[in-house]
Amino acid sequence: MTIAVLLKQVPDTTARITVSGGMVDEAAVGKWSMSPYDEYALEYALQLKESGGDDLIAITCGPARASKILTDAAAVGADSLVHVLTEDSGMDSSNVQSLLAAAIRHVGADVVLCGKQAADTNAGSTGPGVASILGFTCVGMVSEVSTDADGFLAMRMSPSGNEKVSVSKPCLFAFDKASMEMRRPNVRGIMMAKKKAVESLTPTDLGVSLIDSRVSLESHSAPAEKPPGQKFEGASSVPTVVSKLRDEANVI
Amino acid sequence: MEVTIIAETTGDSLHPVTAQLVGAACSMDGTPTVICPGGIGAEEASSISGVNKVISAEGDCFDSFDSGAWANAISPLCEGVVMSSSSAHGREVLAQVAAIRQIPVIQDATGLGGGIRVTRPIYSGKAIETSVVSPPCAISVRQNSFESPGNEGSAEISTVNNSSDVGVSVREALAKANEKLDVSEADIIISGGRGMGDPSNFSHLYEIADVVGAAVGASRAAVDTWDEIPHGMQVGQTGKTVNPSLYIAVGISGAIQHLAGMRSSKYIVAINKDPDAPIFGVADYGIVSTWEEALPVLKDELAKL
Amino acid sequence: MPYDALDFYDVDSLLTEEERMVRDMVRDFVDNEVLPKIEHACRDGVFPDEWREELGNMGVLGAPLEGYGCPGLSYAAYGVICRELERGDSGLRSFASVQGSLAMYPIWDFGSEDQKNHYLPKMASGEWIGCFGLTEPDYGSNPGDMITRAEDMGDHYLLNGAKMWITNGTNAQVAVVWAKLDGVIRGFIVEKDDEGFSAPEMKGKHSLKASVTSELVFQDCKIPKDRILPGVKGLRGPFSCLNNARYGISWGAIGAAQACFDSAREYALSRIQFEHPIASYQLVQNKLSWMLREITKAQLLAFHLSQKKDAGTWIPEHISLAKMNNVDIALEIARVARDIHGANGILDEYPVMRHMANLESVKTYEGTHDIHNLILGRHITGIQAFTRSIE
């Protein structure tokens, strides 16, 4: 079993996002981190490796700065590191999917773990899209995965609760919030990580020709300011507040 | 413009978002065809105003959820703009339909305009992205972003049997665990303070929490006063710092230490009988009322959703 | 919410990638495992055992030592570890300082090969706790006149005397004890179960409450002959340990100061008086900008010292200056932060009063503030002013 985990570097979820000139200002982002759902994927990838996996390969697609999260993955136990170098951070999901699928073929992984969506684009297309390109079985909303006989057992969220499902290789698991947090590295892991080489690959190296995106990004904007707080008198106002929560705030 | 809507179902019927998808399609002058996976809700779909055609997609693969199998079975039926709900299932199927059909995909749209101009929140709502895409493409839409049209339609229903190989087999279905959600993990929190009068009154908060899948929290005053309220529930300076989408503070005055733990919540509702309570200073929606009067109404209203 | 450390001059960008990864690891530990428990640990007066275990798991004990299960990190990394730990609590940093610099270091530098192999791996992993016995009830700043004595009994040594203010003492499996043998200060390794040795805990501290402080009592304590540290004689032994520990403190104090600044800033922004946040008033801004100024200077001082330490171009007086200055400003920052918090500042809902009380100890231990002034005075003038007799 060769395991790949797909990781994305995103602005830390606590970072302030500023829009200037109609675009999110990436240069103003103070802190970049591994996308939180990817951390869960990495933790379970490590557990699969420990329960009889061969190699665990951490793969990221992004600009040069993104290699930091590969080193972080090495510090907790990833065996090898692949960086698909692209300078365009706003790349179309279809291109990202093609590149990651090619990288997975390149390393020969037969089980892939990733987060259900990245904390920047919040889309959730990459995992299922990669599975589709590779012809891997896709399991989303996963909170746990373990090996079972000749395949895997996974826990995933379902509309009525949770489901324990079984799948065989080749397959892809997209993680929701999982039962276990990513482990903390230790000093030994950090010192080893420094020595691990990152294999940098360009789209050409992977034999992928990027297509012109059919989605053209027009602009980014700051979200509408919340209206000032409103105060209502008496319990009879509760239905009004509930409908505002649904229609204005969109939180229930 | 052809629009194909992948219906969202819940149990044996359509989820309300399906009708909203029809509303979204019509707002772009689209001609919507609704595909009902597993044939669920086909009759219902045909009655939604504005629907042109309904395809009842039957096949063994729809007995359980395997997004890849569903996408394989559905994608040959899709034309033009393919739309789904941006629920977890909706996104997963749509992303694979897009990959199979080699069309661009945009997830979680909250606004659609001519052209097709799509707006969607990114960075967890810290920014809004606007992009333009032309058919064929795939777009998932967030629940409650569009109005549902009425129920005056009578579209023709055709049945297609298009199964596909299933790779995911469900071993065991586990009902929603009845265990209490932790405040640090919940997207909705309802917290009580010393204004609840007695720890046994927290049962009213738990009842509401069950309705909306919320966690129950407490202020330090409540935790310190009543042994029945454990420290793990405490939100605030020395308790947990939370940032859910919705925080409902009941009988909490809003001491600075409490505000430190919850003020970054996206939306805050405060229920307090004292109109001058500082909690109203951070609340998006304040309700001046006793909890005894407000909570039963709140529970009923939330249950209606 | 992960902690965003004040680093006005971006001094941490001068660290290596590896040093920053070590920083993030310790920071994560403090955020997730120390801060949620620290106030209870202080109220109960205990050092939670799971912290010992996790410090061992992370591999930060004896960080700058190499071999024998120790990682051999840079002194810059060791400084960063101390800073991040002390942002949690000075008691936690004290645990790590005593274990690494005061108990492991003398064995590593002055011990026999057998002693190193026997003790260091288990101390690096946190399995064994170490302590350091130098100060006595009547000899603090003046350790040279200690009265604890060792006697050579032919097939063993016999220790008699008492040590005081010993961090980790009661919990320690291993004590490095300094005692006079034929009038010369020597280091001895005493084990918990040695006959005639006891380590009662000192109770009633208003400071470092989440740290164990003990007396070490030796009453005809029998020590096997192979437990003497062969590599050093005289005060140079304990002083070389203290140099490393003081170096760590100079970094650690910055962590406590950063925590106080952070809390004061947050509080000032959210506390409304006279209809505006108190952060909008000039007197409060003056206090905050002074804190920023002093923390930034302390950071530069500590960083430059780390480079000298790693390059081997340091002298003990460099460390005296850094320890004295950084603890001094940290304590003053804690006091001002408490002031900004108003009455709320005395509650354990905020970390400031805890840091303030802790730093009173830190100012005194490992060479008091005044003793470091005297060390610098001697360096400047060539005249020692510790005693009245001028030599």
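As written, the chains take the letters A, B and C, and residue 1 is the first residue of each chain.
One rule holds in what follows: contacts are C-beta pairs under 8 Å (C-beta built on N, C-alpha and C of every residue); 3 or more make two chains touch, one makes a residue touch a chain.
For clarity, every value in this text was computed on a predicted model and none was experimentally measured.
Chain contacts in this assembly form a complete graph, since each chain touches every other chain. Relative to the centroid of all protein Cα atoms, the closest per-chain Cα centroid is that of A. Just to note, of B-C and A-C, the chains joined by more C-beta pairs in contact are A-C.
If each chain is reduced to the centroid of its CA atoms, subunit A and subunit B end up 21 Å from each other.
The mean-CA centres of subunit B and subunit C are about 51 angstrom from one another, to the nearest whole unit. For the pair subunit A and subunit C, the distance between C-alpha centroids works out to 40 Å. Counting only residues that touch two or more partner chains, subunit B has none. Chain contacts: subunit C has residues 1 touching two or more partner chains. Listing the residues of subunit B that touch subunit C in their complex gives 220, 236-238, 241, 256-257, 259-260, 263-264. Residue ranges of subunit B in contact with subunit A, taken from their complex: 10, 65-68, 71, 88-89, 91-96, 98-100, 102-108, 110, 117, 120-134, 137, 142, 144-145, 167-177, 185, 188, 212, 245-246, 266-267, 269, 275, 280-290, 293-294, 297-298, 301-302, 305. Residue ranges of subunit A in contact with subunit B, taken from their complex: 11, 13, 16-17, 19, 24, 92-94, 97, 116-117, 119-129, 131-133, 136-141, 153, 157-168, 171, 174, 176-177, 213-223, 226-227, 229-239, 241-242, 244-247, 249-252. Residues 1-2, 4, 17-18, 21-22, 25, 28-29, 57-60, 63, 71, 73 of subunit C are the ones touching subunit A in the complex. Looking at the complex, you find that subunit A touches subunit C at residues 12, 14, 30-31, 71-72, 75, 184-188, 190-191, 193-194.
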